[in-house]
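There are two complexes below, and they share chain A, which is joined by chain B in the first and by chain C in the second.
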Partner chain A sequence: MRFALSAERLAFAASLHDLLAAADTPAVARGFAAGDYEPGRTLWKRLAELGVAALTVPERWGGLDAGPVDVVVAFEELGHHAVPGPVVESAAAAIVLAESGVTTWLTDLARGEVMASVALPPHVPYALDASVAAPVLAVEHDALSRVDATGGARSAAMSSVDPARRLFTVTGGEVLARGEEVRRAAAHAFELGALATAAQMLGAGRALLEMATGHAKARVQFGRPVGSFQAVKHRLADVYVALELARPLLFGAAIAVADRSEAAARDVSAAKVACAEAAYRAARAALQVHGAVGYTRECDLGLWLTKVRALMSAWGTGTVHRARVRAALAGREVRR
Partner chain B sequence: MIFEEEYYAAGAPARVSQNGIFLLAPTLFAHGTEEQRARLLPRMARADDVWAQAWSEPEAGSDLAAIRSVAVRADGGWLLRGQKTWSSRATYADKGFGLFRTDPTAERHRGLTYLLFDLRAAGVTVRPIPQLDGEPGFAEIFFDEAFVPDADVVGEVDQGWRVAMSTASNERGLTLRSPGRFCAAADRLVDLWRRVGDASEAAPADRVVDAWITAHAYRLRTFGTATRLLEGGTLGPESSVDKLVWSELDVALHETALELLGAEAELSGPDGPDGGRWLSGYLFSLAGPIYAGTNEIQRDVIAERLLGLPRGDRR
Partner chain C sequence: MNIVVCVKQVPDTWAERKLRSEDKTLDRESVDGVINELDEYAIEESLRIKEAHDGEVTVLTMGPEKAAESIRKALSMGADKAVHLVDDALHGSDVLQTSYAMAQVLRKIGFDVVILGSESTDARMGALAAMLAERLGVAQLSLANKVEIDGGTIRTQRVADYGFDRVEASLPAVVSVVEKINEPRYPSFKGIMAAKKKPVDKLGVADADIDAAKVGLTGAATEVVDFVAAPPREKGTIVKDEGDGGQKVAEFLASKKFI
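So, the complex of A and B:
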């Protein structure tokens, strides 16, 4: 058994990193927060050229049908660079649509021509960035609806702790599909969305550790870099440990989802819990190491910190995901 | 890894030979001579010789390079003088391995040599030290002109630091602290929670979940480490991550078990629940963040060698 990313996947991650590092993503995120969506849409189209938008779309609709491991590789880099917009939602919407037999938007989604949003209550009650998305979908019980159609309604935009995110409650609309396959599609989309969100948090946590480490090397107090003090070193070492321990859970969960393993829900939830805790630990440490400058809107650190805080409760809170692990453990045979 | 997983899942006992097979054997694979391997390994594997490690000294704990015990040139070998302490298993072991200063003019990491010695030899005195848990798990060793033949030098004379450090990673993860050990303990904790846990109390259940997640993560992480080794990589400073993970997990796991056990938690030995295994496991776990390099030293290693932060006041 080999448990490591292939050279192709490492190259995919590196190409995404190169594109995003040169794209001034903090400016894109700030633009999104200010209601200027065009740079975000343009960035999404460029990511689509590298295949990101097509990952969860079946091949016959121009997609890559790439599977959860590639999704995790890509979304870790999106989180690493704080890419704004309904990116997880677009990937999840493609699954809901394709597996419910609704093919209308799949080709456009694969090309990055449109972004979609989706509400999957109870754990995903809001449609993220519905103002930039089309279609906006919602699954209620076994019915898949398009909310941005006749009869549909969405609330006014609600602001998030992450200024780049806008949340909407959605109701009504046109029913696109109904039945057991919708229920199954929504369940699958939830696992993938939670996994992609966990991946974004791992990437964001890495970015926060990089910022904190860079600052600790450069900032001089008492005549020496603050990173030479053990209190700072040990805090950042603990962040590194948490991130390094969350990573194998994330990839293990991606493999479990790909294999349609019975343990997939447990493993996705374990990954979401661990990635959230690690990223949050990174956010707290990065802020503390930066000191007051980290607490300013001007400092990019806040883009990642608020994104992590938002993603912690998106696609299932820690409580929700711990309960899923607990349920799996409660019903499981213990080896002696 | 597969063997270790099955070994611990079966509830098999701790192995008297573990410090030999997991710490000295990898060192002999890398630095020993053909003659040493042929002479020492079969007896080690059969537990005919039980091995103890002898790193720490009264003035050299976390600062291991401050070692003062010396080996002085003699006819056909070396004479050992000095004192080692916190030597695990020395109380009942047959032989030991450790670092001794062979070049008194050299500073710190230089001038040390990796030597094997007979704990029953003339000039060697072992004094057991009762531990917190009451077991004589470690001991002091006093050397007074104890003779070591040249055949028991591992690696080059004066190159002992490099020899010792090249396999120190084994103690921090992978073999001696195989994930199987902690997965088995996490499974027992889940079982305990299902037997005695109160379903209406979410807090202890969350701690059980978190311990299980960490054990599961450590297992997957070790698959990654094994993959790296199989593909020609080496164990480096990354093993400090493992040491922090298992040592803190082991404490958390046993603390959670004691929480689940309520007032019974303090009952010890045969009076205790499950034969007292949770309490004895807890006491044993408390040593984990101290031995094999304290967790503070491991965090320094991570900060300096993996994150590239500047060295502090340590030389």
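So, the complex of A and C:
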């Protein structure tokens, strides 16, 4: 199998990187944490102009109907720049809506006019950032519901380890669709959400490694840059290896989801676990290499550290995904 | 309206740039090539003119095969088609010869407006727009930070030390734009995918009626006689303040003739 990305996908990633690098995303993430959502919404609209919000929306609703590989390419860059908000949830919600035959919000989602959030219990029990999202959706069994503030179904937010994330319990609400297609849509959306979360972690891990190597080259101790010490070099090299070994699993899983392969669930779970471990290793190493300054709020590093920790258990914890890999290897049916 | 935007591929501004020892020309192989940053403003302006007045944007590039990457990026931003002038005979051409070669192509493909960036970040001549206008016998509106087209008339604001001049001419014309005239767009998913299918017309010197004897290193009016690598940065001097710090600073500034 050939994992190398096409020139077009590399160009798309480069374009997103250029936009985000110039957009001061750390300030946007800090704003989100403080409850100032406007810069986040504006950034999402700009990303939507490049097509990010339309990737999972069918063409007839103004979407791009792009495949999981394109989603992975985009979300790796979003993670690379720690873009806050219900971005994975918006992409997954578009799948749930379109495949359940509910077309109401699809055009607005594709344009980035609205962001959506979605709870897919049991593994996605809460709706992320429901306070910026409309619609907020939930799938219980075979019923897709819209839950929102006006319906009184939204409880208070729970805080996350990542201050830029807020989790909302959702119950009840207006049923939009019911049936076997809803169940299938939710299963598909879960795979894509887990995949996009894994991609974000790979991107975040890459950013952490970049920050750590940048610091190791600049910070001088004992008369030389700390990066010249072998113990630091090895630690960072291990991070690089972990990220590079997670990458083919991620793209392999994207191809499996695109092909609707029977092994898709297993591959997505393996990718999620590998990307989480690689990103966590990157976070630990980056924090250690930075020394005390890495713990400070003023240092941007913390935005990525907490994001990685939160994403590790979002869209299925490590335990859930390991269990899915184990079930697949044992020849049992893999469920959401 | 037929809009042509001239785009040059240059070595990445952040990379270490070198000259080749054998013929003292720029080493374009060992570094990544990117679109000359200042040309991105020209591309954006050409797209805005197209959006306001209809028409077609053609990217014109002269450069080696590798420059095709930069053409692709310009097309993914929204240009409609491209002409790539590529020929070994052009290697080592200076700005005078480049203006001759590109003028020949422009005569062949036709234009209402030709837009360029203010200069290239590698050679930094900043003279191509003026030379093209002269060779083509059309008006030159240089260093514009605002461009307006109204029927057959083009008006620009030309930045100057004292503010700006208002310049007006009849089309066809050659315009060079400065940075800050606009904010260049980022290529979108759709734009990138569409660029794959856009036509790129590759021309050699013969196709564009360019006399090969008038271009290339041997016939260049300018010659690189010699070059040396930039000296490494010298270590700074650390002065310990023992009550006379201010005086030391003043002495240093005086030694550099700042005060």
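Throughout what follows, the second predicted complex is superposed on the first by the 325 of 336 C-alpha atoms of A that agree within 3 Å, B and C clash if a C-alpha of one lies under 4 Å from a C-alpha of the other, contacts with A are read in each partner's own complex, and residues count from 1 in each chain.
Operating definition for what follows: a residue touches a chain if its C-beta (ideal position, glycine included) is under 8 Å from a C-beta of that chain, and two chains touch if they have at least 3 such contacts.
Everything numeric in this text was worked out from a predicted model, so none of it was measured.
Following the overlay on chain A, a side-by-side fit with no clash is recorded for the pair chain B and chain C.
Touch criterion met: A:213 reaches chain B, while chain C stays clear of it.
Touch criterion met: A:245 reaches chain B, while chain C stays clear of it.
Of the two partner chains, chain B is the only one that A:228 touches; chain C does not reach it. Once the two complexes are laid over each other on the shared chain, residue contacts for A:51 go to chain C alone; chain B is not touched.
Vertex at chain A: the C-alpha centres of chain B and chain C lie 80° apart in angle, rounded to steps of 10.
Measured by the number of chain A residues touched, the leading partner among chain B and chain C is B. By the touch criterion stated above, A:12 is placed in contact with chain C alone, chain B being left untouched. Using the contact criterion defined above for the overlaid structures, shared-chain residue A:64 touches chain C, although it does not reach chain B. Using the contact criterion defined above for the overlaid structures, shared-chain residue A:38 touches neither chain B nor chain C, since it reaches no partner.
Of all Cα pairs spanning chain B and chain C in the superposition, the closest are 14 Å apart. Looking at chain A, you'll find no residue that touches chain B in one structure and chain C in the other.
Interface residues of chain B facing chain A in the complex, by the touch rule stated above, are 9-11, 184, 187-188, 190-191, 193-194, 205-206, 208-210, 212-214, 216-218, 220-221, 223-224, 226-228, 230-231, 238, 241, 244-245, 296, 298-300, 302-304, 306-312.
Taken in their complex, chain C has these residues touching chain A: 72-73, 76, 186-190, 192-193, 195-196. Contact residues of chain A toward chain C in the complex are 7-8, 11-12, 15-16, 18-19, 49-52, 54-55, 64, 66, 70.
Taken in their complex, chain A has these residues touching chain B: 1-4, 209, 213, 216-217, 224-225, 227-230, 232-234, 236-238, 240-241, 244-249, 251-252, 270, 273-274, 322, 325-326, 329-330, 332, 334-336.
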